[in-house]
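Here is the structure we will look at.
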């Protein structure tokens, strides 16, 4: 029910390759179904502030069993989850956190990516998740 | 690759002079390329709440290798980085944090200023950065 | 002056091999010379509480430019650095954090390991550091 | 009743000179009578973990209106203030935090120093306090 380190390494390798293809420097993180860190890498020269953001994106995706991109519209002013980021010692609710599921559709973990535009972050995270 | 204390003191002296010229009381902070504190001063009577803001502005600029003024439009409601401030134990994303680069264009640190309007803060921070 | 991701991955691979040799399940972390995360892995089934301990061991080693094993005697009751662990959002001062130096003897990062006895943690951390 | 920035800079200049005399690399901090940061400098190459320790030493000295060296015996196991470091988001209770008083004997601030042995830290802090 939980992502293995071997699976996390496969996802990270695919994400690293995608980051390299689109010429970005990324922080890439995988957490398990308990939102605990499994693996992390930071490309040389990637933004330091994105270490924490990559981790929080992955955790946020597992916390609510959905990609962070699906949370973004719900957290805007006037929307149902406005300012939910104040919980759980800080969430990140913009794109770049993607859930990882097993063959039964159960969430076994998530990948979080940060270091470029949110579009690039999302692309790299999806490339990682797709590798499994 | 890292700002020295002597450089930080030069930047702070220039920022203090500018703060005095425009009759403001400022908190002024310099961090290195790892976002670690190098030097800090608070003018007599400057806002206490701005101690932490000046430090966070400098750290935020280094974390993402850009002036905090460039982050401001991206973090508004509906924009890509909305509520990014919940990461890294708190960011400050309005003007007043300015990156400091070496002759190769590499970020060697940043200066953060807080204590007046954000326009004044930005002016003082830029005066500090320009002194190097 | 900073450890690269490629070097960090070499150190982690060696540490993982050692952990496997001595039949332990470890959390292994590498930070750079600014105490920022570079790479992390957690063996399947390794203690969850050791995620944070491995990271804090690596950071502590960089913070004071010495192995955490060298700090342990100094932080005991009645000794000079008693309760230093309350600084820096928490330090870990028992063995398992080992500095990584370049050929000039400058600290370029550190490796932190947690998941078994401190003797085992230390062995695995040293195996990782030695691989560079 | 409060230390001025000019006084803090005088204290820091004296402490820097002493640090240089005894060939150490220090983090030096001055806080006011409200335990708020007034000035801070870090020597090039000084321990990163000592940024926070220097600040906490200065704050701790003001919090209890006594040098941190006077607190050390009181915080040991079995003693009246055992584990007081858990309060105030972390205290440092070993030597290196020294109160600064005005001519009436009132505490107007404190200086905190960290970066070497506690004996060296204390020497440098006292040199700073004595300059006023």
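Chains here go by letter, A, B, C and D, matching the order in which they are written, and residues are numbered from 1 within each.
Basically, contacts are C-beta pairs under 8 Å (C-beta built on N, C-alpha and C of every residue); 3 or more make two chains touch, one makes a residue touch a chain.
The UniProt protein names, listed by chain, are A, B, C, D = Glycolate utilization protein.
This structure is a prediction, so every number in the text was calculated from the model and none was measured.
For the copy pair subunit A and subunit B, the superposing rotation over Cα atoms measures out at 95 degrees to the nearest 5. For the self-contact between subunit B and subunit D, the two sides draw on mostly identical residue numbers; the shared fraction is above half. Mean C-alpha positions place subunit A and subunit B at a centre distance of 29 Å.
Computed centre separation for the pair subunit A/subunit D is 42 angstrom, with centres defined by C-alpha atoms. As a whole-number value, the distance joining the C-alpha centres of subunit A and subunit C reads 25 Å. Touching of two or more other chains is recorded for residues 48 of subunit D.
Taken as a graph of touching chains, this assembly has some other topology, since it is neither a line, a ring, a star nor fully connected.
Per the contact rule defined earlier, chains pair up in contact as A-B, A-C, B-C, B-D, C-D. On the subunit C side of its complex with subunit D, the touching residues are 34-35, 60, 62-65, 77-78, 80-84, 86-89, 91. Contacts from subunit A toward subunit B in the complex involve residues 47-50, 52-53, 56, 72, 75-77, 83, 85-86, 90-95, 117-118. Against subunit B, the residues of subunit C that register as touching in their complex are 1, 32-36. By the touch criterion given at the top, residues 2, 4-5, 8-9, 34, 36-44, 48, 51 of subunit A touch subunit C in their complex.
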